[in-house]
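Chain nomenclature is as follows: A, B, C and D, assigned in order of appearance, with residue numbering initiated at 1 for each chain independently.
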Amino acid sequence: MSKPLNVGLIGYGFMARAHSNAYRTVNNFFDVPYRPVLRTVCGLVDAEAKAFAERWGYQSHTTDWKKVVEDKDVNLVDICVPNNLHAQIAIAAAEAGKAILCEKPLALNATQGQEMVAAVEKAGVPNLISFNYRRVPALTLAKQLIDEGRLGRIFHYRANFLQDWTISSEVPQGGMSTWRLDVKAAGSGVVGDLLAHCIDTALWHNGPITAVCGMTETFIKQRKHAETGKVEPVGIDDACTFFCRFGNGSLGNFESTRYARGHKALYTLEINGEKASIRWDLHDLHRLEWFDHRDESKLRGWRSIHITDVGEHPYMSHWWVPGLQIGYAETFVHQIADYLEAMDKGQPCSPTFREGLATQKVCDAVLQSAREGRWVEIPD
Amino acid sequence: MSKPLNVGLIGYGFMARAHSNAYRTVNNFFDVPYRPVLRTVCGLVDAEAKAFAERWGYQSHTTDWKKVVEDKDVNLVDICVPNNLHAQIAIAAAEAGKAILCEKPLALNATQGQEMVAAVEKAGVPNLISFNYRRVPALTLAKQLIDEGRLGRIFHYRANFLQDWTISSEVPQGGMSTWRLDVKAAGSGVVGDLLAHCIDTALWHNGPITAVCGMTETFIKQRKHAETGKVEPVGIDDACTFFCRFGNGSLGNFESTRYARGHKALYTLEINGEKASIRWDLHDLHRLEWFDHRDESKLRGWRSIHITDVGEHPYMSHWWVPGLQIGYAETFVHQIADYLEAMDKGQPCSPTFREGLATQKVCDAVLQSAREGRWVEIPD
Amino acid sequence: MSKPLNVGLIGYGFMARAHSNAYRTVNNFFDVPYRPVLRTVCGLVDAEAKAFAERWGYQSHTTDWKKVVEDKDVNLVDICVPNNLHAQIAIAAAEAGKAILCEKPLALNATQGQEMVAAVEKAGVPNLISFNYRRVPALTLAKQLIDEGRLGRIFHYRANFLQDWTISSEVPQGGMSTWRLDVKAAGSGVVGDLLAHCIDTALWHNGPITAVCGMTETFIKQRKHAETGKVEPVGIDDACTFFCRFGNGSLGNFESTRYARGHKALYTLEINGEKASIRWDLHDLHRLEWFDHRDESKLRGWRSIHITDVGEHPYMSHWWVPGLQIGYAETFVHQIADYLEAMDKGQPCSPTFREGLATQKVCDAVLQSAREGRWVEIPD
Amino acid sequence: MSKPLNVGLIGYGFMARAHSNAYRTVNNFFDVPYRPVLRTVCGLVDAEAKAFAERWGYQSHTTDWKKVVEDKDVNLVDICVPNNLHAQIAIAAAEAGKAILCEKPLALNATQGQEMVAAVEKAGVPNLISFNYRRVPALTLAKQLIDEGRLGRIFHYRANFLQDWTISSEVPQGGMSTWRLDVKAAGSGVVGDLLAHCIDTALWHNGPITAVCGMTETFIKQRKHAETGKVEPVGIDDACTFFCRFGNGSLGNFESTRYARGHKALYTLEINGEKASIRWDLHDLHRLEWFDHRDESKLRGWRSIHITDVGEHPYMSHWWVPGLQIGYAETFVHQIADYLEAMDKGQPCSPTFREGLATQKVCDAVLQSAREGRWVEIPD
């Protein structure tokens, strides 16, 4: 029988919903050693925290995150609040000996991130940063193929994350649903919000990045604040492109923007190896494109693999039958399932805070490079 | 606050999992007047029923479906067992005054189906047959577009349901996981299992079918029985093609098989109207293809609509943000959400048993047509 | 050095242009034993025949097809006129000892076709019917794969040919550009014009059809005549669906219509074998889709093969470099290249008139089946 | 009647074939004021020049390009030789008063290019550089849409040109078919060969580039020479990525490589505007992808426009019927048709040498930026 694991959730926004659904669902589909118990949820507005608790079945709610961290019955602290709050909560939770799940990006910057890593490593608590796309079965399969050496020497890694939701100058900054446009809450724009995903996957798939050279742009220079109504300068990057060199000798090209009309959340990636190549995109996350040069030459072509074979594809034996796709929500179920397994074995679960810090360092270097108009090396 | 609705589930197979997940999830994402309570689950093998109950949180389990039907605390009987058992359970549940959710197809044949319709209508109980694909947002949107008259006069309706899982002669018939190949349990092969889905959608989208002409084939003539190990003749149809005429003057073309190498569960449909056309397939269920002749002529083309706009697309406001797709599981959540709403209002929820009977009549006519090698009209 | 081959072309419409381009181009790209010389072109209106001759470099023109057939300097008679004229011209050309290239379908019906076959076989003249899609490199490759036994036992053959150009009731029948809607000139509608292509490919790929069962419809019952302006009943089939059985035990499903909004000339086909499957469509004729069950299971998927490998793909060594696609025009160049090669060797070039007759018999049976509402067997 | 225009072709490789086919074909499909006459062809090896002349119908051949330039009967000099020979031939041809068609890129560098521009402008001769992709109908349509203002403010321009033909270290450099790997003949690698195409289209579609920042890599550092067999250092760039700023405020991201396994000649581009976006790729050159934010919101999606509407799409009225695609060869027919029209009117035909020089300047700046690791501004 699985053991109870009491969850204290901080935040009640979009990510809090995705995490809560995973906690409620994981034991129905996965045989894992722990059973998450929804102990408490914390949020800014009492009535909303209460409503969230009722909807999702949390036993209690609060508006003070310190109470969650100090609650002896809480085993896992889940941080689903804006980026500027990650560090203080995570450090307090580590000091209180809690396991931690923290939304990405790790922090506002690498300095903060370094403190978080130090705290969790000193406390020896389980720590995971929620780069959920690692648990898209197609990307997990891609990682297997790379690790098996099937691609041979890697020449190119290419990733984009394209959105279009801030094109209108009427979109405000700040507040509950648009804090991602407020540099004080978010730290950066597309770099921390979107490129962080691309970088995390790239480091996982293709190893360390040694140096970057980037460009950023803010297309709309000022926006109204969602709460005050005051028009203020926009401090975030609306778009960012960078190229880089990986330690394995391959070249990287990354781009993200919220001004790509027609794309909602189009995270795409492509890896070109000597022997094989891989492509994937988030708009059809249940497919992986695979080109294998070892195929008979007249029959070579890009295969569109429908990642729904229950006997073959990562995580898929837990779901339905071949041909029936999963979506976004299931990536969080996979994440918590893996975390619970690792916790039980006393092993780290990737990406740890330390791995999240590596991504943060690349993000910082990209922003610095863009400011200074030159290449920036990634510190160890 | 939502009212409790006690569920008695009969069956613990693949469909029972999909339904159970919907019951557990619906209130997290939908504000509906009822809150499903997992009262009891019934299945053939006690240990398995017990394990299922524990995994999903059912309060009790049994091996006797009559106990479920007779349980005063059960409000809704959910029938997830092979087709040959639908009629007796549904009729008993109706007589006991229970709301019913029955897996498709309605019954082994229209005669049985007629009795089921009579029973639920006499008892006046809520009744729904689980053609879950009606609640794929793309197909719900398609229905809206049709109802708004956007396609104009309809010329063609085309649907396929292609699988490849029974090509090996080693696949047995009968038993828990291959009862769909056993004519005694399933009544028919692809007609009841797969074409029933296509026909249900077609009747909903395009109105009544007046006459059909079909062909069936059984490619592998005998298979071992999963339980007895005895090699027996195969009684089901492995493949079926039929064409038909609709009451609105359009022509239909339907095909299903379990011998289409390369396709797992490829339900595709296309509707060609005078002014616009629609295409969809289950392998990318989150997309709808739309061609509108009213578009400026040099810019006419098939649009691939990513059905994830939370403000615009059916059901999607309940899930995530634009670009993030849902999968198979969510169609059952939508189904139960709609059913709970309808129940509360005392309104029928489509497809009712009566609507399921209409599909059954077409299935029967297709099989008869194939046997007799001639057109068969659909009785009223 | 290649030998001159004097061409007498009858017709100056759309097909005459495609053929003329092939004659003018073939020696630039193919080393073939003959060099077509554009001797004469024949058409109804003298001024237009003259203009055509000037544009394409024909040495002379005429309005009397008999002069072409009787011209001693003509080696090859090319028949690009409406279907009702094929038989008499072809028979006269055969009797005059000419090699013949005849546009498809062979004739108005199998009776006529039989006479044409008798004439060419009696005369012993080279004869080819222009089912040009056989020379799309992707379909030629498909044929190779089938012949190599790579698909294993065949279960299904599916083909559609969908257009939308006659949806408007303003489109007239008869005349130079809409004779395909005039039953007297065309013999039938989509059956002879479009399904004939699908059937020819199917017989070539999958062997003989033994019996068919079909349905036709004429959506617009009367149209103005293009020349007289008189409103007359429409005698052709606007749409046709049929299913069939092949001699190899597989099932066929064919459909064609000119009322499928959104499709210009969408000829699609799919073959499902025990071990592999093939898909293709004319809107992307330079691609072949291939699914191979022998691929490693976790990497199975449909491959989209870009048929532009100059070293590997049929005909492609004659064109450009990998990745650069050919189009519709090149299929006629391939056709004439193959014909010239065969002629030089004294071998038949497929599809011969006899092979065209086999297609005609299926067309006739489909039309008869639709009229009589029953299965019709294909005569030997 | 069209006037004769005598062509002197220099080169008999791949490009010479594509140009020759266009000369032989243009009058069959386009009513243009000139009729190209294949006067003479020049190449290095006499026997090969002779064979080329015979195959294509050139009246004579030579191994001395100066004879072509000096030939009084030659009206148009067509330069299809390696890049290092462009300048001297073009300048001589200009001085001899010939119209010139020169393969891309214009020259080895902008300095050379400037001399060529000076020569043709001083001589006042017609001059065209063969960036043939401008005449892909889909890209011509894209230009129309941009010029009509349909995209609104432009935010992003993205283009890739991906190949995989030099991954093997066995591919030599230098010689007739691999001179593109020899820096002495080619001047650069993917920058001049592939990115030049992308840059030409970008300048045409999106206006001037003001500054670039790039990175190059040579993956295989030494290769055998095709003729001498001697292993020598590789001087070209195997891969190049750069980002840039356009004068209109939008951001550019360009990448090209010959090490992208699985891509033969995948030139892709995407333009994101405030109101609409465009995508295109060379592997399906007959399609244009279009997203229009002004579409009704629930029906917004990327349209795949099959650019084969004879009444609507650029150049397509000259070819076949809707649905039947053209390929690579036709882009050269369009190019020469436009050039002949412009010549007759005494107007420049884009891209002129001056426009080719603008592309050359960007190429030079990209290479300089990559060498120096910093942004480089584009000189006027």
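Going forward, a contact is a pair of C-beta atoms (placed from the backbone, for glycine too) under 8 Å apart; a residue touches a chain by one contact, two chains touch by 3 or more.
Remember, predicted model here, so these are calculated numbers, not experimental data.
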{"item": "Rotation angle superposing subunit A onto its copy subunit C by C-alpha atoms, nearest 5 degrees", "value": "180"}
{"item": "Self-contact between copies subunit A and subunit B, residue sets same or different by half", "value": "same"}
{"item": "Inter-chain centre distance, subunit A versus subunit C - centres from mean C-alpha coordinates, in Å", "value": "55"}
{"item": "Intercentroid distance (Cα basis), subunit D paired with subunit C, Å", "value": "36"}
{"item": "Intercentroid distance (Cα basis), subunit C paired with subunit B, Å", "value": "42"}
{"item": "Sites on subunit D at which at least two other chains make contact", "value": "300, 302, 306, 309"}
{"item": "Subunit B-touching residues of subunit A, taken from the complex the two chains share", "value": "14, 17-18, 20-21, 24-25, 27-28, 55-56, 163, 165, 263-266, 282-286, 306, 308-309, 319-330"}
{"item": "Residue ranges of subunit D in contact with subunit A within the complex", "value": "155-156, 158, 162, 164, 167, 213, 215, 217, 219, 239, 241-243, 245, 249, 251, 253, 255, 257, 259-262, 270, 272-277, 291, 293, 300, 302, 373-375"}
{"item": "In the complex, subunit B residues that touch subunit D", "value": "141, 288, 290, 292, 295, 297-306, 309, 311-313"}
